[in-house]
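Provided herewith is a single structure, encoded as structure tokens, for subsequent inquiry.
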């Protein structure tokens, strides 16, 4: 088996609810948004894991937790088998070179008052990896690699002078300049136009090969996963409900939520008609999740026990896990 | 509804620290700053002995903490001490002058709001047209005209050259304020006394000062209203409303203006502060017997208890206004009631 | 028959409505009309006539005055007026130690009741002008049942009964500080009834407003204090009666005489020589007021124009000569710190200082730093010897050359005004002047003092204030007195 | 090729015209403001070239002469030349207001950045204090301070400066808090930037751009406050020439028809304030990040 | 079938400081009664501008320079202000991309409904207006009690339903939906499309569905118009557009979108990006990106050709 590059164990993040002055005086117990609740998975070296879910399901938070941009409420993150918590300050810096993130909105993730060259070269400066001259050389070469050409011309530009696609490339270049081996891509194509999307996806795959990268690919669009992911994990209200190899999950979804999600994806083919009716309602608010199985109010196969008991992940196939009482080992599968 | 009450209570409680801080600042300013009251009272070169004696007299040589507690307790009882120059309680002096100031600022505020909000909304509605440019120009220019100079120029034009408005005081010399005065709010008092001649005279005297103060501030409101209106008019719900066939006037003055007024409302607390400041200058220019003149007169006389008292009253007033504004804000905007 | 309401405009302010504390001419003016002294001045005159006292007698040594009171007078609440009231009032003033109390305590040892209608003042020293002191408000009897014994009264509302009423020709119908005071005729007044029904005093915050009110016909006359420009305009317009009087009000430059640099009298002389009075009046007051060449104002007996003959005006030559005699030159200039107070004497002070600065600097051997302090600080400044030279003004407490001389150059008086001039010879002369009763000798004495003044110059006289009253053409009976006593009684309107 | 002054001028102004095309009215507003400021700055820097008299010099002509002839703006009662006083007066007001704005921005920005970035108890206390001062009428504070410090050019500068500290503090703190939430700050953290790096390289440059606009508007405000203080007779000794003081002096000549004594000083105050306001308005629009996107 | 809407040679320009944005440049479009017309294209190609022009809702400086918009044969471009107002909401309804901001936050849902009804039916009583609003809400699957709530108390999907309710309350015959589902989650999006399909039958609506999501149009549209740089480059029945796209742009667009149901390993790329609408390329606007560009393409704008039931503007199909 291949090496586990990043492993997440029982990761939890609970955000305390913003409270008024009055509440702080009178109400003693705190209420939390359980943005990420007991999430575990691992990512093998060289693979692409897709993390899929509706808005607010905790995808971004998971990404931030892995990078240590947010302190976790519980659980741990292991990098090459070693818990990040045990890292010294120096190790942590080292880790920042090894792990990178690409955010959803490329415009927002670039400082408007920093030129492209500066932005891409900044990680080198921070980690003292190169002096000014070599730094520029490195930047220019990586800019060429991500397709920002002519690089010397764009080097002096500011983000607002670039197109959306170019900005996303800048962000990718910045992420790759320290030669990381793990990159989290948080919906890198959500803001992009149809034609640009394909380009970014292709670029990412090309770079993966070139730099020997491992991706955690966060998205809410199952369709794009198809082209890039080896495995996918489906998140719902801070929990992973299903995780497994892409093909397996796509062809044999076990969790009713996965099923619905796959069914809801619009298909660009007029002949295609949906088979199941869509569940009613929308994703509930995370600070007041339904008891038992989070999904039960919208689930079309829910039983009474779903309302009271919380299911856990169980194996349903080769490397395929699901968290559903009805469809899991407790229930019968059709 | 319960949420609203809860919000109001919370907001009221939050006013307390603000008032405390303002009171503390007043305390610090008057006591710890380089020119402490006594030595500046004595002119800076006074021998140590004289200063000590004076401090003893005023109780200023006690530990600061003691003075501070004493001071807060005084304010809490609404007893602002006695004037250092006159045989008069500071509270009485202020109560005597306050109605004049409030009357002036009230009418000025109305003028500001009417002129500012209307012009601002109108300009936004006619964005990039000539009218808009003119109104914007008005907004910028009027903002840059100091209230005291505007007052003087209005006096020169309307008081001296055209001779149609009186340029000073609250009443003419033939009107005896004692015949109607009760609350000190002359507009109300004259009406209550049924003395319509006096009412007319009072209003006549209010025109120039109220317009001076009101117009200078209207510039800010023109700009604020215009900017907010432009933002709001860009909002999706405006287009959506238009798409439903709602008439333009209704959209601008009902949908947009109401939304645009919300940020303006929050600014209102600050505007009232500006108004108070402008009132001091207006009162000086128009010989208006209000708190501002009281403050200045007492500053010339270095009457520290009165200066302190007046500033405290301003502070309380400002705190109260911002409280009221926030509460109104909460009542208008359904989103705020959490 | 319906008589008139006279509207009187002023920019003055009322201080404390208490003879024990008030020490300014406007408040005193009210007292003249609401209260009554034992002796009083007829409207517009400078001689004394009996007031609440029918007569008085002086003991041979000049140290005891016995006043015989008018009988049968009663305050409005029925309290009879008698010797007890006088004694109580004087003792109250002495005990409360208000600002004007020295007018009593400096002179009076004690007051004794002789009988119900006779009261005796025992003086510390013989004082030639004691009767004119007695005519001043600190000596005014007040109702013991109305005034609190141990507290200074600010507003009539603090009085028992809350009404300002005494034994004078008027009583207050309304009293609104800084806004309006309405006086109506006091039915209980023993003397001649006023020619008008009511005097309405309007208090203006500034002169401009008052002028406009006069022009609009809102006030019948305006008195104290119009701006020079307003006076000029009003005078030139010819639409109003101008009643102009030589005021007893003088302005002068003080020197701090016991510290450098002005402990050197030559420097005082040099500064004085450089002053050009007519030019100053012309610029600052548009030609109003009169140049003053002696501390004793023109119009008062014994006045001489000493400074005119000795220094003249703008005597640059002399000033330069005096300065070089002290080692100053074009290159080594004498630096003067000149102080003024920006509001107490009206807003002309800044200009006054600016002009003085320019005149002194014209010598080419002086540089002047102009500094200012608000009145409260100013007063403390002179106590603390901060100001080498500074502008002051003087309204007399009583009408006598003594009040214009000893007050500034006597050891005691000059200390109280920050001058710190002290000379035993001078003190002796002042004492003589105070006790001497022979008018000829007194005149000679004060002429001599004025001559000495031109040499020592504890203070340099600058100008004498003129008093202006502008009245509507139909107003009659405004009588300005050099004593600054202003009686409202004779004022009426021509029908 | 012939040298033509017209062409040379055109070359100089061509970039300005191009900017005008790009940004429209706002650019011209900015230019107008800059011109006013430049003119008054020239006055302040080289008063000798413009003023025929020393501002303190008396007897320069007839008393209270109306404008015209040798006296562009007439004379006052001390026969001083009003125009000369206006020229020299520009130094005081310009110096005090710019200096005050600089001082307050320095203190305000520093505190705002620190408070906004560090958060915690310091932030809470500072913002509570600053908020309280902010809502309080600035002029009243300035009056109190000016009265407290006594007259003097440094004192009045301090008195004016104090009241604007909260303006900058609030602005910068708010911006810092907002920018702290921005994705690019998070991105900076992700690439391993330390707190100070983030503060100086990412937050500060973005904050400072907005403060430029506020600064100019603030100077305009400070101009009016300075003049207000001196108009009220606070803040400056008479040995200094100042528009506000001249305005107060001229006030008593209002009913006599000597209009020039109040008209000109007041006009100059307005004009200078207008210059800075227009500059600020123009800058606000041109530096507007929404426009940057285009 | 009658033409409910016919747009002819529409040109909409935005004159701005740096030039004129030619947002719509000679667009032709027809909507038949009862059909769903899908309008697709990349972001910024002028879809919303076209939609807004139909109700004359363009913001200044935008204005219709030329062209006709015939609604039941009446030219909207030349209509008076009164007629336009009657048209908006009354005959043609429109819903927008962002349901979060399309409702006035200060007005309750109830007030929105009453105001809309009042505007078009002056005499309607509050009670009746409320009753109609309630009926509308229940038909959209929202409980009528929520009428008293404020927009911020609703979820995104609910708000979009309310927007649709507001549009349909006056029984219009044409609905213009400008990217109605972009802000919604996949499942909610699917729900909403189902609802739209349902409403279309119940209310006998014609719909103009503006979107850049080809999946959405595929499920709903009868015909599809493909827009590029302000013009319609290809129009045809939905099925054939997907099966046999004619225009290279349509082909490129279809190839670059992922299809979860198909088993193809890679997406195809379309070169370049949308040109600047201030100075669009000469000739056929698509030629710089077109893989099959010819010399003529850069010189002249191709005329519309009818091929296989499609209308296509391309030199390939002369």
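For reference, chains read A, B, C, D and E in written order, and residue numbers begin at 1 within each chain.
Just so we're on the same page, a contact is a pair of C-beta atoms (placed from the backbone, for glycine too) under 8 Å apart; a residue touches a chain by one contact, two chains touch by 3 or more.
A quick note: this is a predicted structure, and the numbers were derived from the prediction, not measured.
Note on connectivity: the fewest chain-to-chain touch steps from subunit D to subunit E number 1. Ranked by separation of Cα centres from subunit A, the top chain is C.
At the centre of the protein atoms shown, by the Cα-centroid criterion, sits B. Note on interfaces B-C and A-E: more C-beta pairs are in contact across A-E.
Centroids of subunit C and subunit E (each the mean of its C-alpha atoms) stand 91 Å apart.
Subunit B and subunit E have Cα centroids lying 52 Å from one another. For the pair subunit B and subunit D, the distance between C-alpha centroids works out to 23 Å. Centroids built from CA atoms put subunit D at 47 Å from subunit C. Looking at subunit D, one finds that residues 233, 251, 254-255, 294 touch two or more other chains.
With touch defined as above, residues shared between interfaces to two or more other chains in subunit C number as follows: 206, 208, 212, 342-343.
Chain contacts: subunit B has residues 40, 44, 299-300, 302 touching two or more partner chains. Interface of subunit E with subunit A (complex): residues 42-43, 141, 155-157, 185-191, 193-194, 212-216, 218-219, 221, 238-239, 242, 252-254, 256-261, 265-270, 273-274. Taken together, the subunit B residues at the contact with subunit C in this complex read 40-47, 50, 85-88, 96, 159, 166-169, 172-174, 176-178, 181, 287, 289, 293, 299-303. Taken together, the subunit D residues at the contact with subunit C in this complex read 56, 58, 63-64, 77-79, 151, 233, 237-239, 248-249, 251-256, 258.
Touching subunit D in their complex are the following residues of subunit A: 64, 67, 69, 93, 96-97, 100-101, 103-105, 108-114, 122-123, 126-127, 160, 171, 174-175, 178. Considering their complex, residues 17-18 of subunit E touch subunit D.
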